[in-house]
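You will see subunit A twice below: alongside subunit B first, and alongside subunit C after that.
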Partner chain A sequence: MLLTGLWALPMLTAPLVWAAPSRRAARLLALAASSAVLLYSIWLWGPFSAEEGLLRLHESGAPGAYGLRYHLAVDGVSLSLCWLTAFLSLVSIVATWSDERPNAYWAAFLALEAALMGVFLMQNLFWFYVFWDAALIPMFFIIGLWGSGNRRRAAFKFILYTFVGGLTLLLGLVGLVALHHQATGAWTWEIPELTRATASGPWAPYVFLAIAAGFAVKVPVFPLHNWLPDAHTEAPAAGSVMLAGAMLKMGVYGLMRILVPAFPALSAAALPWAAGLGVASILYGALCAMAQKDLKRLIAFTSVSHMGFCIVGIFSLTPEGLSGAALQMINHGLSTGGLFLLVGFLYERAHARGLDDFGGLAQSAPWFAFFFAFVMLSSIGLPGLNGFVGEALSLYGLLRASPPLAAAASLGAVLAAAYGLPSFQRVFWAPPGPASRSPLVRDLTFREQAVLWTLAVPIVGLGLFPKPLLDLVAPAVQSLAQR
Partner chain B sequence: MTPLSELQPALPALSHAAALTALCAAAAVCRRAKGPSVLPAAVSAAGCLAAAWAAAAASSAQGPLLDLDPAARLWQLLFGAAALLFIAARGALTWRAAALLSGSLCGMSLLAGARNLFMLFLGLEMMSLPVYLLIHGLRPDKRSLEAALKYFFTGALAAGFFLFGLAAYYAGTGSMTIARSPEASPAAALGVALMAAAALFKLGAFPFMFWLPDAYEAAETELTAFMATAVKAAAVLMLMRVLSLGAGAVETLALPTLAVLTMTFGNIMALRQKDLQRLLAWSSVAHAGYLVAAVWAWRRLGGPPHAAATVYLYLGLYLAASAGAFLALRASGARTREDLPGLAERAPLAAVLLVVLLLSLGGVPPTGGFTAKFFVLWDLWRAGSPLLAAAVAFNSLVGLGYYVGLVRAMTLDAAPAEPRGEGACPRLGLRAAVIVCAGLSLLTGVMPGLRAGLEGLLK
Partner chain C sequence: MSPLPAAALVLLAAPLAALAFGFFVTHRVRPRTTHLPILASCAAVAAASLALLGGALGGASWSGRLFTWISAAGVQVHFGLLLDPLSVSVLSMVAVVGFLIHIYAVGYMRHDAAFSRFFLYFHLFFFAMVGLLTSDNYLQLYLFWEGVGLASFLLIGFWQHKPTARAAAWKAFLTNRVGDVGFLLAILLLFRWTGTVAFADLFSNPSLLSSQKAFIVGFLLFWGACAKSAQFPLYVWLPDAMEGPTPVSALMHAATMVTAGVFLLARSYPLLERAPGLLPFIALVGAFTAVWGAVGAFFRKDIKRILAYSTVSHLGLMTLGRGGGGVFPAVFHLIVHGFFKAALFLCAGNVIHGLHDSLGGAPTATVDDAGGLRASMPMTFAAFTLGAVSLAGVPPFGGFWSKEFVLAGAFGTPALAALGLLTALGSSLYIGRMLFLTFLGRRSWQKGHAAHAHEAPPVMWVPVLLLSLGGALAGFLAAPLARLLGVEPHHASHTVTALSIASMAAGFGLAWAAADLAPGGEPAWRSRHPALLEAVESDFGWQPFCDRAAGAVAGAARFLGDIVEGSIWDPGTEDAAAAFPALSEVLGRRARGILNDYALLMTAGAAGLAILVSLCF
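Moving on, here comes the complex of A and B:
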């Protein structure tokens, strides 16, 4: 029952939060639940490291007919993603503490946390998919009910776009099971079993494509990224943190957990295409980010760029590239989450987020400037901070697989500086703009600083000493690279 | 065999018939009491419960004309559930309306248990005629009269199809028993095709669906919920029985084509509707398409009784979601799309329930609609038709376009200055029915083991 708690606790608390007698009580209950989940997930490291094998802490229900059994387990990659989810959920709740939000808002975050946990824990395709799609519903309401100006359109676009991806994925997953049945004569939905055998047959390329497309929408990979800028721009700050920080990881995780191990040969054959799309995401995202006038939109496009590194890392199919992708997932969650929080704090004060609305904030809000520079540098991959490690490893993996593509991808790191530094310059150093003069724009409060310091610890820690995390994901990465 | 045990296969139908007789007698005696009251509704409900008990307790009772096989028994439970939802939502019925309801149920019961094609026809007609009358009787206005007449004439046409098909089949095989015929003859194939067309008429499948939106829109909402679930379930069973005669070309070519056309046409029409009851009516056409696809997969897999579990599961979960959605609309008082904005603020609980039901209709996890659609997709893959599976998936997406559109309208869109629509209906039974349906839709979403259980029951 160890792992069920990770998703059941927030799921069961969500209705209670909703029904709480006052907004204050709802907030407190949500805080308590998300803190408990975080502590619990960290505590799980003990039992996890006490076990042997790739997938640990197995927990399963009755076999049931057709292998639709309830089955949970974690390896290093999924455990680290559970930590990330729990951490970002807590951060989101604390960061928007002072907003006067109704009960349903806090309940939606807990429901989202539960669904994400389910995705990272489930070892059975049926349950994996149930949680995969269920995660969209709270996010739909988070964007649509509590977002900014154009929220309704953005929420609608978000949910339809991702449903398209979801149904493509569902078709592909059912196809994968059917292929497995053709090969072995057994019906199973268990991910470990499906990924142990290699799927083949005349339908295999189509199934591969359907699953890949379903995951690619979520990552998102160019040219399926269209939903992301709108959803991010209109979502409330905490919603963007969860969307970019944790939800995008579902796609990358799916690629690592299901697609690549189930189709090793096809994945290797797809390298030029898949890594090519990854490089296209890196460059296209970075170029789009350079052209943005809205700070939130800019960060949204950097997400497209950074997730491209995960894609090239995975499809390099080398241990370095795969570890890089696993690290990049965590790093991107931390640094992009931090950036969205900072923009959220700014928007809360000035109700503006255009790059040219501000200027000169470094004088009036020095701590703001410090944290923005710090997180931005981590995001664009400054050595010594966390972003560098994941990107460098992914690029190294790609270099071993395809030097020309690696050369193109490394341009992304240059472009990152070209969008990151000017954005800082325009907001914090340029002559003050209209929004900077607002008396509301003041420096970070104690609570906001506390949130950012807690983010800063892993950012520096993983930048200087990534070994524990690398060791954690190493067994999963090794087994994947050997497929 | 004692005489009483020979009656056993007819016991569910007899329970409804007893209720019918009692209600008719009471209607004749109590001429003064014209208004609706609880007592007739209770008599009808008692008939349903007795029938359900008889169906559940019967052990493979078989007679010359009726055969309570597992499918027949399980379907009786569906009819009973739909009828009880109708009665609970309606609260009170006139003696006449209750008698008509019991009569329709008696017909369904005969249809489900029929072992003989003529018995099937009797059940079909006995099921249909009271429904035409109820459409106009429960909401006596011009529109319902027109819709009832339209429904009646198309129903008569379907009956004609069936009778003609029955005659052709009898000419070809010399038998009216529902069992796979030993030899295939052109006359028998024609007969099966015509009888299947009659079933598709009742189901509201393309190209026989033109009567459906009018009838569903003009009927009282509670009755629409009953028609969309019980009558549809009966039509699906009828289609399965007819196809089990051995269908050949109808099955391989016509069914998948019609399934795709039905779901696509229903969804596209639903996208454009303003009136919510009409929208759900078109969406029920789309669901008829998914059901036809499921029936086709069942036939392709060899048509063993237990493999019908997917069809049954879909019907059951669709029953909860669809009846629940119609009743939730009734409870909230919203009639058109414009009435929906602000619903979440006016009536948060109703809005949440409606969201759950609409998501279940759309097949979004973690609701029952997803479980049902999942098994349909899987059966289609197993039956060797990924293309049909893709068509179902694509159509679910179009469906989500309007289901999520409704969710968006009632939760996200800004509330108008003054509330529109008829105002909420405070009837307790109606609300309880909606809560039960939504609860079931949510619970069944995480129970993939349901299908295995049904398989066991259908064996």
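Moving on, here comes the complex of A and C:
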């Protein structure tokens, strides 16, 4: 019963938070629950290390009809994503502590946390999909109810895009089950079984494409990224943190957990196309980011660029590339989460997000400048900070698979400097703009600094000592690469 | 190789501790004292380097692993230190020169409001360079390489309110990243082809790389070095980089940053040697850059810009030296140049400081602003003269000896020899012109200005004088350095020496003629050739071309980010979304409650499903 707690605890607390007698009580309860989940998920490392094998901490109910079964387990990749989800949920709640939000807001974050945990834990396709779609609902409300100006348009775009993506995914997953039945005669929704036998047959490429497209919308991969800039821009700060930091990882995780192991031959055959789209995402996202005038939109496009590294890492099908992708997921969650938090703090003060609204903040808000520069440098892959290790390993994987594509992807490093540093300069160094003259724009408060320091620890830690995390994901990655 | 001594750990621990203490304690509590822990750290690093140098002269070298950095299947990288003769000799120069520049900066930055922040950035620069020199593998070197780039960004843009400083900082970082891509690809290719990036593994077993692969890796490394060490075509950031405070320029041009690329190539020499045709190519690029920089320096008027182009030129000489004659000429010139270039830049700083009142606080000065400073700034004049004769290669000063070794290596190839001699002539020409115009000649600063130029305080002229003495006497370092590197230096023949002295003398003569020290106005030759001046000002069109290329990328970004995203993707998906309500409208009209219609549709649907299922199984 170890793993059930990870999703059940926030899920059960969410209605209590909603029904809490006061906003303050709701906030406190949400804080307590998310702290408990984080501590619990870290504690799980102990039982996890004590077991052997790839998937550990198995927990399953009785097999039901049509192979439906409640079955949870984790490997290194999913455990690290659970940590990320728990960490970012707590960070989101603490970071927006002073916002006067209704009970439902805090409940939505717990529900989102529960759904994400479910996605990362479930080893049964049916339940995986239930949680996959369940995650959309709280995020839809977070954007649509508590977002900024254009929130309705963004929320509908988000739900339509990801719902259509989800339906495509459902078709593909049902197809996968059918293919398995066709090959073995047995009905099963168990992911370990479905991915043990290689799916084949004339319909396999279509099933592969449907699943790939469903996951690609979520990542998102160019050219299916269009929902992301709007959703990120209009979501409240904590919503952007969860969306970029944890939710995008669902897509990458799905590729690693389901698509590639179920279709190793097709994945290998798809390499030029898939890695090509990954490289296109890297370059396209970075170029679009260069042109943005809104800080949140800029960071949203950098997400497209950074997630491209995950794609090339995975489809390189090399252990290094896959390790890089696994690491890049965590790194992107930390760096992009941090950037969205900082922009959120800024927006809270000045109610502006335009690059040209600000300027000169390095003088009036030095801590702001320090943390923004620090997190931006981690995001653009400065070695010594976390972003570099994941990108370099993904790039190395790609180099082993396709040197010309790797050369093209490496140009992303130049473009990263071309969007990252000017945005910093314009907000912090340039002459003050209208918004930065506002007396409301003060330096970071103690609470905000505390949140950012807790992000800074893993940013430096994973930059210089990524070995424990790499060791954690190594068995999963090895078994994937050997298929 | 012996295990690491305590002194080796001091090299990294002292700057780290000083930076942490400065950032968390003094910067918050007493910002005016941030330089104290940092100077202590400089002293510790300098002492440790000299101690190690002593040991290295006795034949010792050290290496050791600190911890495992990255470990993923075929990619295993350990964090470690390698203190061999090459790193220890360059490190000693960097530590001593860096220490003196730090002391100078205390005086120079005394009145700056951001004194504390300056020292934190400054020491970060120094720390990254020390880390770079002591790295034992390419990836770790790359980490510090990027750290040097970051510190340069912060320092070039130190005066943030100036648009030119912001632009120069960005240009420097971006251009360096263009080079870094090559470096990173070289590292990844090394992993792929050899499975290691540790220097010890790579160089002890030369057969790991075929000559063709060595060429590719070597070329990419050279591309990276071209950006950091300002070789053509990637030197474009360096002339703009003097937007930062003058001590930054001194540190950047002498000890940190630009020497990193030369060091990388010296470090990679065993690899470059294996690549057929690569070393001659490198030598040619170096020789071309040397002349190119000298031409740029001769026509400029801004005193820091003259020195910046002079650095481009001398980095070209170092590159030429390594291409033609191995590691020794390059490293020797690197060390000698470090001393005299630091001295020259700091003299420029003193001139700007001394003219502060008449310049109205401008961060740089032209040769027209200066003039006749010999009397009012005697110490600076002495230091500049020593630095200048060293740079020009007047025997027996330091630059003479190192240039001899460079030219000796180049004389095998007529083209290289010609370019080398041209650079020798150019060096004395531009530095002579600068010396005459700034310190002799007319006293233009007196025109319309009540203020008088004044000598810098001792905290500023003592380090400068020491640096220029170091540069002047650096010839004595040749023999120990050769012994340290284990090479028999290739001495120049008498013909080479005679030719180089003749070029140098001719350069001074021309400089005297060109400087035209008569009071008032431009020398006649300048006003007669406006087109030529314009061409030189834009580096014969190369600078505008680079700007246009960057502008084209920005244009492409705007096209994708604004037009493609805003007018194609957004409306496209939103129209598709809007199609759903329209579809439901159409379908809704079909649903008129007529049972026959529903039955028909149901049958058709079921039939379709049955066909689909039968196709599947």
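Just so it is clear, the second predicted complex is superposed on the first by the 483 of 483 C-alpha atoms of A that agree within 3 Å, B and C clash if a C-alpha of one lies under 4 Å from a C-alpha of the other, contacts with A are read in each partner's own complex, and residues count from 1 in each chain.
The rule is short, and it goes like this: a residue touches a chain if its C-beta (ideal position, glycine included) is under 8 Å from a C-beta of that chain, and two chains touch if they have at least 3 such contacts.
As the structure is a prediction and not an experimental result, all values here were calculated from the model.
After superposition onto subunit A, partners subunit B and subunit C are found to clash with each other. By the touch criterion stated above, A:Y66 is placed in contact with subunit B alone, subunit C being left untouched. Within the superposed three-chain model, A:L145 lies in touch with subunit B and out of touch with subunit C [touch as defined at top]. Shared-chain residue A:W203: touches subunit B and subunit C both. Within the superposed three-chain arrangement, the count of touched residues of subunit A is higher for C, of the candidates subunit B and subunit C. By the touch criterion stated above, A:L399 is placed in contact with subunit C alone, subunit B being left untouched.
By the touch criterion defined above, A:T318 reaches subunit C but does not reach subunit B.
Legend: residue contacts after superposition of the two complexes on their common chain; A:F156 is shown touching both subunit B and subunit C. By the touch criterion stated above, A:A134 is placed in contact with subunit B alone, subunit C being left untouched. In the superposition on chain A, A:C288 contacts subunit C only, with no contact to subunit B.
In the superposition on chain A, A:V174 makes contact with subunit B only, not with subunit C.
In the superposed three-chain arrangement, subunit C is struck by just one stretch of subunit B from 44-52, 80-88 or 206-214, namely 206-214. Comparing which residues of subunit A touch subunit B with which touch subunit C, the overlap comprises 156, 160, 178, 203.
Taken in their complex, subunit A has these residues touching subunit B: 64-66, 68, 126, 129-134, 136-137, 140-141, 144-145, 151-152, 155-156, 159-160, 163-164, 167-168, 170-171, 174-175, 177-178, 181, 203, 206. Those residues of subunit B lying in contact with subunit A across their complex are 359, 364-366, 370, 374, 377-378, 381-382, 386, 389-390, 393-394, 396-397, 400-401, 404-405, 408, 411-413, 445-446, 448-449, 451-452, 455.
Chain contact summary for the complex, subunit C toward subunit A: residues 67-75, 79, 139, 142-143, 146-147, 150, 153, 157, 160-161, 166, 169-170, 173-174, 177-178, 180-181, 184-185, 188-189, 191-192, 553-554, 556-558, 560-562, 565, 569-570, 572-574, 577, 580, 616-617.
Against subunit C, the residues of subunit A that register as touching in their complex are 153, 156-157, 160-161, 178, 182, 203, 223, 226-227, 229-230, 284, 287-292, 301, 318-320, 323-324, 360, 362, 377, 382-384, 388-389, 392-393, 395-396, 399-400, 406-407, 410-411, 413-418, 421-422, 425, 428-431, 464-467, 470-471, 474, 477-478, 481.
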